[in-house]
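The structure's right below; bear with me while I get my questions together.
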Amino acid sequence: MEAPVDTSQIVQFAKLDELLALSRANSLWPLTFGLACCAIEMMAAGGPRFDISRFGAEVFRPSPRQADVMIVAGTINKKMAPAVKTLYDQMLEPKWVIALGNCAISGGPFVFPGQYAVVEGVDKLFPVDVFVPGCPPRPEALIEGILALEKKLTGKRRWPVVTPPQ
Amino acid sequence: MTAPPDIARPTKPQETFVLNVGPQHPAAHGVLRIKMTMDGEFVTRAEPILGYIHRMHEKMGENRTWAQFLPNTGRIDYLSALHYNHAFVGVVERALRIEVPPRAEFIRVITSELNRISSHLVWWSAFLIDLGGMTPLLYAFDDREKLLDLLEGVTGSRLTYCYFRFGGLCNDIDDSFIAGARAFVAQMRPRLKLYRDLVTDNIILRKRLEGIGPISAEMCRKYGATGPVLRGSGVAYDVRRAEPYSVYPELAFEIPTYPAGDSMARYLVHMAEMEQSLRIIAQALDKLPAGPVMGKVPRVLRLPPGDYCFAVEAARGRFMVRVVSDNKDIPYRVKLRTPSFSNLSLYEEASRGMILPDVLALLGSLDLVIPDIDR
Amino acid sequence: MSILTTEPVRLLLSLVCIMAFVGLNAAYLVLAERKGAGRFQRRPGPNEAGYGGWLQPVADVAKLLSKQLIVPPGTDSLLFRLAPLMVLSPAMMCLAVVPFSETLVARNINVGLLMVFSFGSIGVMAIMLSGWASRNKFAIISAARVVSQNVAYEIPMLLVVITLLMMTGTMDLNQIVRQQAGGFWHWNFFKVGANPLMPVTFVIFFICMLAETNRAPFDMAEAESELVAGAFTEYAGMGFGVFFMAEYANIVLGCSLATVLFFGGWQSPFGLWPGLLWFLLKLYALIFTVIWVRWTFPRTQFYGLLNLSWKILIPISLFTLLLSSAMLKIFHS
Amino acid sequence: MIPSLEQLSARLADLAGAMPATATSGPAPVPPRSPVQPADFAAKGYHLDVTVAPGAVDSAAGILDQHGFALDTITGVDWIAQNEMEVIYDYFHAASPLRIVIRTRVPRDHPELPTISAVFPGANWHEREAHDFFGLRFLGHPDLSPFLLPEDATYHPLRKDFSA
């Protein structure tokens, strides 16, 4: 039997792909899924001052089937890990993951020799697209994470990067 | 609506089914899981299953020095981090008999009460989401941002504060904070009235909450429930008065209680507490003395052997730290008595025979922070 | 006679137009809802996709269309696929008899109102099927709720409509609009001479319409904090998108009906220049009210909802029915 | 009914009187002392420190229940050097500032003591937690399955000899 041909190398719909990527980048529906402290900052990012809805990303869907991006906001421990993995598996392609906060990145402050409960980073469970550091990250950081994900999708950044004055 | 008596009793197993609410569920406020045995829409048994965010705080206490454990206290109940700070610095100060300068104590009270308001605002908005009202969340977060600006200015973080130090504070407050706090108090009072007009007096909200999930004072005692849950059952128990700490005895405030014990009573207690917190802040700002914010503290902390307790009134109720020391620079044992844990423990009994939306309204009214339960 | 004016072609064209109308409305009402919610909540709402966020629905639809489609294992795959189709088509069928202006109506039949209500009740079956086929406990609870809710609210709604029918004496929607010509005091809403409780009947109609379309504060089907996403929990991509669209199609239908029955349809409020513009104006004003209600009130409790229908709305609507028949007998016979 | 400290001391002393006094917390040997010790609230954070035999914790809970106390928390402490487990019960009273501590010690390799969940239903969870962390076996407890730890956990992480 022949090896399956990777058709994406032969047939490309460049413009359509671009359009789809642009659409997906503008319509990232997150999963309503807060684990710990970072979830409060995720809520604050939806609040009036930061307003994640400007980028079309405020449609928090409670069902993983309808969500596009999973914002892992908090510590994952060994009891929770199978549930998080299930949620990831229940999400449909294309799907992305933002690891929000140090706990989701590496276990954060809860890693010490002899620790027995915390999964040291959500990338131990499934691939992560954007890491947003902080304990907890500020809402701006989450918005920056969403912009970074948009850049990953479309190849270009929505806004020029602001360099802070020296 | 309460169930007819034949449903409140466990029925034949084939007539019921199990509904897992959580660990990922919009009403789970994080990762609480409730295993509900349902008979149609009636809940015959709602069993909370914990541990999905167990983060080993008590084990970590045995692995680091007294000062190194302090940042952990801001992450147990992340919504009332300063109260937890206070309990932990309080227990060390009690054991070592460290004198805290009065200015530091007043600033502790001011920031703690600001923290309490921010916590209650988050609870209020999350509770309203449980009841299907989305807009209050945005209003509350708008006000909360102003409050967080103030706290961020002095503590350096927005949520998981680590501001208190053994013997005082890490930063003094400046005039801009005082002016900002006064402005916030002046601004928040009409906002609370607005909340009352817009939300509390809403007929749908009242119908949803009145008479739902009654909890008696006796049940609270049997389960050790404290905070707004206990005060919503008519018992005026507040650690700030019962075991006075800091400068609370010098400040006038009331302990709001509502005797009904239903979800509405707990809701009203929260709303009244925000007003009382504003009152405390205004008084403390007026009485704020000058002076240092850091007392004399030994360079290396070694608590004399023995065990020490310190309780504070956190936003969710009585939070107690019990430490056991064996005269080393790391604790031998740190026990954290968290209010959400005890408040949730009565859930199984209180929720029996109610229908699903009411069970979730009751859950929301208990004001839970899940990492506070699991630690 | 050109081919365009033959009846089958005209009907086909009209149906295509209605589909486009429903589709565009659904897409942009979602945007209006999100922007409106933003305004109610002191924030800007979507404003980055396209100029002022106007391309947001395009992005959403393109994304939903390109999302992976699955039928979860263990579901009844036929019913699972059928439900989204069934939920959208009745609303479109009903819009075929709604007169947008005196001449702009896909098919003017003399029992238009009957048709609207008979097709309108199919929608609930689709939601029930989706809940049943999903093999998900939340979905099944939601399905059961939706059925009991719709049964409860169909009754006061029909009683109110019968009250109205006794006054109009016809089921032809265009005829009903024509009877309301000549200024807003001729609209059925203000015909207190025929029945002093006319505004009350409208309020009942509006509440029932909110309940029938599963809108907040009666969104039992998709009670997010209780039932995750209710009957749609297992639907993804455009399957879910269709349910979303159907919700808005139903709102458009409900508000058009309210416009036709109570606010004089395409009649102008001053008796001058009747036409499509007035119809759309009234329609969108009502839709705005629906959005406004959603972002203002918390959700009712399920039993409270049923009590409201059985204990309050049905007795009141029965009373209005009796009152208006009595008044007809006394003053107009 | 708000109890006075003296009344309570007397009732709890009756309970504790029959047994020999054991050492309290701290690895250093302390001289034998009365099982009922008033404590300085300002220094310790509680008013009365009562040491009872493991079998008497439920009767102590019963006495405090009659006086309207509420269970604050149950703490385990692993004294590995003495090969003992200390179990500390904290009680508070909603109408008075009184805080009572009941403590007992059980052998480390045989940590069994009666449950007080029949007296205070809230103790159910505290005892399950103590079982999770220390492997304390509360006799008569309805369900000691892992609580905060994963469902299949067999380890007791707060024991001093635990290593992950």
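Lettered A, B, C and D in written order, each chain numbered from 1.
Operating definition for what follows: contacts are C-beta pairs under 8 Å (C-beta built on N, C-alpha and C of every residue); 3 or more make two chains touch, one makes a residue touch a chain.
These numbers come from a predicted model, not from an experiment.
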(request) Have a look at A-B versus A-D and report the one with more C-beta pairs in contact. (result) A-B
(request) Would you mind pulling out the distance in Å between where the CA atoms of chain C average out and where those of chain D do? (result) 63
(message) Roughly how far is chain A from chain D, centre to centre by C-alpha average, rounded to an integer in Å?
(response) 46
(request) Quick one: report the Å distance separating chain A from chain B, using the average Cα coordinate of each chain. (result) 29
(message) I'd like the Å distance between the centres of chain B and chain D, where a centre is the mean of that chain's Cα atoms.
(response) 25
(request) Note the residues in chain B that touch 2 or more other chains, in rising order. (result) 25-26, 51, 54, 56, 59, 138, 142
(message) By the touch rule stated above, which residues of chain D touch at least two different other chains?
(response) 149-150, 157
(message) Two-or-more-chain contact residues of chain A, please, as numbers and ranges.
(response) 32, 47-48, 62, 79, 114-117
(message) Building nodes from the protein chains and edges from chain pairs that touch, which of line, ring, star, complete or other describes the result?
(response) other
(message) Help me check something: in the complex, which residues belonging to chain B touch chain A?
(response) 23-26, 29-31, 51-56, 59-60, 63-64, 71-72, 75, 78-79, 122, 125, 137-138, 141-142, 144-145, 158-160, 370-371
(request) Give every residue of chain C touching chain B within the complex, in rising order. (result) 37, 40-43, 137-138, 141, 144-145, 216-217, 219, 223-226, 228, 295-304
(request) Flag every residue of chain B that touches chain D in the complex, lowest number first. (result) 50-51, 54, 56, 58-59, 62, 91, 94-95, 97, 217, 220-225, 230, 235, 237, 242-243, 305-311, 318, 320, 322, 324, 326-327, 332-333, 335, 337, 341-342, 345-346, 349, 374-375
(message) Quick check on the complex: what are the chain A residues that touch chain B?
(response) 31-37, 39-41, 43-44, 46-49, 62, 64, 74-75, 77, 79-80, 83, 87, 109-110, 112-118, 135-136, 138
(message) For a test of understanding, state which residues of chain B touch chain C in their complex under the given definition.
(response) 1, 17, 19, 25-27, 40-41, 128-135, 138-139, 142, 199, 202, 204-205, 207-208, 355-358, 360-361
